[in-house]
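Right, one structure below, let's go through it.
Each chain carries a letter (A, B, C, D and E) given by its place in the written order, and its residues are counted from 1.
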């Protein structure tokens, strides 16, 4: 309620707040908005990565050789972070094997390869006549079953986000239709053509997270979308807010700041301050999942860039390959210099075109030398501070850069490296063409590696302490056993001699003992292996006790 | 199930703004033009000769230093930073300075104050001012006498700066190797060694000034005074241009100018202690404008956080006024800027802005935990 | 001292001349030099220097050279089951019984190589691991390679 | 009041101990180059310098000079400063437990800080009144602490700089100190 | 070498472990006094003397010095010697004494002296302490002489001017006219900033020479003392 009071008490007109920093990048949206939103023909081959957000893999429940129908569940989510996967069309599962996915490194990940039969037979789906009849838990369960994740870019599973919000209570639901990235127009096209469905999706989300308020946010220079949305919102309790154009107002943290004036605490989810943000595309997917009963098998993707003859927005099936889509738009290969998935500022540059569209792929940009000139050489940082002005997190990028170069990670942490959202505004404005984001990413990777090492070393330390404890206990309890048993055939001379004299005395006893001990050790080893398999780290303390 | 990446990724963003360091530096030089032109008009070719000499030496020294350090010469020369240093240095030293003065200052500026620190972006102190202060400390006499070519004099009080004779004499002044300048008569030197009105003000002493005030004489009525007024206006215009182009931020110049104005208003008392001078005199009677807009704002050595910039400006402003009024040096900009540079890293550290999502209290506490 | 101990890699290899990382940590607090930990390498020295207010220094060559992290792997065909390595292992990372073949638990092994020397048949190899060697993002190359954090020690 | 203020300014800036009189220079270089640690040390050394020179001053004026024992001044100063440092550090240790080794280092640096003795000697030589001398000590100690802070931040930035190999470390720091001293020379004549 | 090294393992040497150029100890007098070679020599020799005497004293008294208060003891010992030296100089080298001024008493808290006492003299026999002090002292003299001759040469264009100051004179006859300073030379070198900068350049020069020497020296020449590896596990 604090938020509502604040909103209504202080700012009845819902004027947006200012965000920190930000840049004004040239927009290239109109050319992909010229034509209408179009469905894509079904390609021959679909590649469906088991993880749609490059996080945790879902578990495949089909095998190679299975015939599947459209909307059939292919893989189910069993761990936090994974989302269910459904068949976008009917066909044959040819294999489940590694394939290149859309990330910066051209990594291989486990994918379901689906050969479409062209018939597009669907399993029976049950449209919900009245979603209002469902309570929020039912809605949540259906959203989860439909395999919906955030379609804006990060791909966080929507059902998990909603349940997170339910724990802390949500005052405000924000439907983010702000596409601040200069090339993307998918959400705008969606709202322009299917605004009513998006609004229904927003209503469903609102009742699913029990939010008291809901706002759809648009950029104020997108007149068509605003008009369409105003029409759709006529009889709705959902409000509309427009924000001044600028990058990165569409970022989750930034849009919360712009709408509410509040900041998401560092290392916390927005739900902790009572706000949830969903992408407009997600709202549309939710609408389809509840009202039509269709799971998430397609998304709206912008295809743009100078080398494309007809840039447009497509409703693409998940798993369609990028080269297939480019061919549909008529690509001029002579001018094509590279491909970006996502926006030009936060997107990923692909190493190969044979990667599938995923649930998070909101835009495909064919690069040309004119729009994306080759990187100029990196010059020295002159500490001009443009980056600090542009940073939406109010970091000091020039300092972070210096610390990253000096590998001074202590200072990096003190200066909030992990509050960097990698929006790229700093690198965009840098007059010395320093790839700042890359420095931060490498520093973050180094810090994470160091922390992994630290955890490892803590583990080793514990083990060593237990080892010492065991040795001490052995020595304390049975010094004669240790020496008599003294496992080594190769020993230093003197102690060996001493031992031998003692050994001679009770040779039979020692032999019996050592056989027993060997047995015990084997049993113990088996137990230890089992324990490890069960996911526990075998505690040497129990070993020590059983060792005697 | 991720396997090892096969290649090193290309990091976002893929799109960049069109600004580049080299162009920024050129714009700074361009912004100097009004001021330099006015100064040349009033003080003769000496100003231009200084700048040319300094620029050529700076480029040669920069190239040598880059060569010695084994850096890519073309790439690093293209950032034009040595040129900016040279222009600022050339403006700072009095016209008519000999070539060896220029050479020594530029050497100190480029080699010691810049390249020993690792080149552009790493230097802690403003190179041009380092060179200037070195000269000021070593050759106080030479550095405070402004030689206006007397061949350019048309009659006793006015002169045309752009005469050929004036050019010749300026050249001779800076290159005494090729013959001695025709300024042997001590009288003419005295008459033409013009300093800033502030210096005259300071040297004249209270009594003379009171008399001047009584007589209703404004310090700006004289040639040199008017000249300085206009020169400063020129630099002010250039500086405003830079702010308009968003090459420098307004914080530093505003803080400096505000501080100097406040101080001079605070201490100015027209009846008794006229030695303190009016705010107008402090702002336009000396090198305040070029200091505030061009020298103190050198991004490399200035503070970079917003609050840091304001404190930095205040420190410089206080030092400018303090040294001018109470100190024994006549020109205070260079010392003040170096003092500011000395404090800048600490200011930056202490004035870090509050990061998004961090409460006001946790600002200085380093976070050790990391998001999963 | 706990702070110091936390910075050490805890491989318990004894290369520093102390019996385990904690004794070395105690020794550092009492004035031992900070550059005797080869497994930690430059990173550890820098962290220790920051903590102890000392200057950075190069690794003491007497303690050995830095190498990428390794794990011990026993060539199982050659192992005679003498259990000497089991006793040598400070972390109980080797499993096996007398006269039977032994195995190293990769996750438990810190790569201290203390087990290599006692092995009578030299059947233990130290194999470099890729656990940390490849970072997903690497810093842009050219300028980076010029800087070496230890160079500031004249 | 104005006079005391001007004495403080003069002591802190015009006659800055480190950069003008070159007292306590090695402490400047020996301190940590982490600003966070330096803030602790700057406070401690400010305290110690001010207190020790104040006590020394009173001892000298009140005891040694009347008794004609001026030649014992040095011994007396040294004793006072080292004992005082030890006491201050022990009391600090209670509230801010520094690690053993750091403390030992800090102790050396503060106790043996030539600025304490130098300041005391300067005070004995000057003809100022006791209050003025105290103000002078206060200003000088403040100047020392401020320069220490600024210089530490400077060194911290130098750490990451791409300095040519022979100049790394001490050389570049000395040169920086030289340039800083140049700008402090600009205050000459002030006050 | 920014932070102080308190390691006793470092051997004292006028070159590789020079107190001024490498350890940055005792900088205050070096910087302040090195305007002329004569001053530099005077201060260098005095400092070395105090170092020698107090090293020997500390090492002979080492069993009696309280561990906790040892630093106070060091300071008291150096202060006594310094006081004596101060009076001697005042009697026999009055003009030099006037030149050196406050920096003579300040020898007592010169780090170069104190650190040697702490690191070496307190733990060793007096002969060893004497040798150590002599080496360190000569290092100190080398550094101060190098810097002061550089500054005198640049600043005044002379070397060892006013050498008479080094001769003992009675207080009464001490009237030596100093060579007139002309402005033709580079005055800046006599100012303190120049001392900082020139010392920085000297150290850089030394580093450069060291680099070259290291390149030429065969790798085996660098001594590696292997640390005896500890057997962490007690089983063997």
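We adopt the following convention: a residue touches a chain if its C-beta (ideal position, glycine included) is under 8 Å from a C-beta of that chain, and two chains touch if they have at least 3 such contacts.
The structure presented is a predicted model; accordingly, all values stated were derived computationally and were not measured.
Participant: With chain centres defined as mean CA positions, report which chain is farthest from subunit D.
Facilitator: When every chain centre is compared against subunit D, the largest gap points to A.
Participant: Between A-D and B-D, name the chain pair that shares the greater number of C-beta pairs in contact.
Facilitator: B-D
Participant: Starting from the Cα centroid of subunit C, hunt down the chain whose centroid lies farthest away.
Facilitator: Most remote chain from subunit C, centroid-wise, comes out as B.
Participant: With chain centres defined as C-alpha means, what is the inter-centre distance between subunit C and subunit E in Å?
Facilitator: Their C-alpha centroids are separated by 41 Å.
Participant: What's the distance between the Cα centroids of subunit B and subunit D, rounded to whole Å?
Facilitator: 32
Participant: Using mean CA coordinates as chain centres, what's the subunit A-subunit B distance in Å?
Facilitator: It comes to 51 Å between the two C-alpha centres.
Participant: Whole-Å distance, subunit D centre to subunit E centre, using C-alpha means?
Facilitator: Those two chain centres are 20 Å apart.
Participant: Would you give the residues of subunit D that are in contact with at least 2 other chains, written as numbers and ranges?
Facilitator: Each of 32, 105, 157, 159-160, 162-163, 165, 167-172, 175, 179, 182, 185 in subunit D touches at least two other chains.
Participant: What residues in subunit C touch two or more of the other chains?
Facilitator: 12, 20, 31, 50, 53, 84, 87, 89-90, 136-138, 143, 147, 152-154, in rising order.
Participant: Can you list the subunit E residues in contact with two or more other chains?
Facilitator: 1-3, 6, 22, 191, 193, 197, 203, 207, 232-233, 235-236
Participant: Please name which positions on subunit A make contact with subunit C in the complex.
Facilitator: By the definition above, subunit A touches subunit C via 105, 378, 404-407, 410, 434-435, 438-439, 441-446, 449-450, 452-454, 456-458, 460-461, 463-464, 466-468, 470, 487-490, 514, 517-518, 521-522, 525, 528-529, 532, 540, 543.
Participant: Quick one: which bits of subunit A touch subunit B in the complex? Just the residue numbers, please.
Facilitator: 20, 23, 25, 50, 57, 98, 103-110, 182, 253, 257, 263-268, 338, 340, 342, 344-349, 351, 367, 372, 376-377, 379-386, 388-389, 392-396, 398-399, 410, 413-416, 418-419, 422, 424, 427-433, 435, 437-438, 441, 447-448, 451
Participant: Show me the residue ranges of subunit C that touch subunit A in the complex, using the header's touch definition.
Facilitator: Against subunit A, subunit C makes touches at 5-6, 8-12, 20-22, 43, 46-47, 50, 82-84, 87, 89-93, 95-100, 105, 108, 110, 120, 131-132, 135-140, 142-144, 147, 149.
Participant: Quick one: in the complex, what on subunit B touches subunit E?
Facilitator: 112, 134, 137-138, 141
Participant: Going by the contact rule at the top, pick out the subunit D residues touching subunit A in the complex.
Facilitator: 157, 159-160
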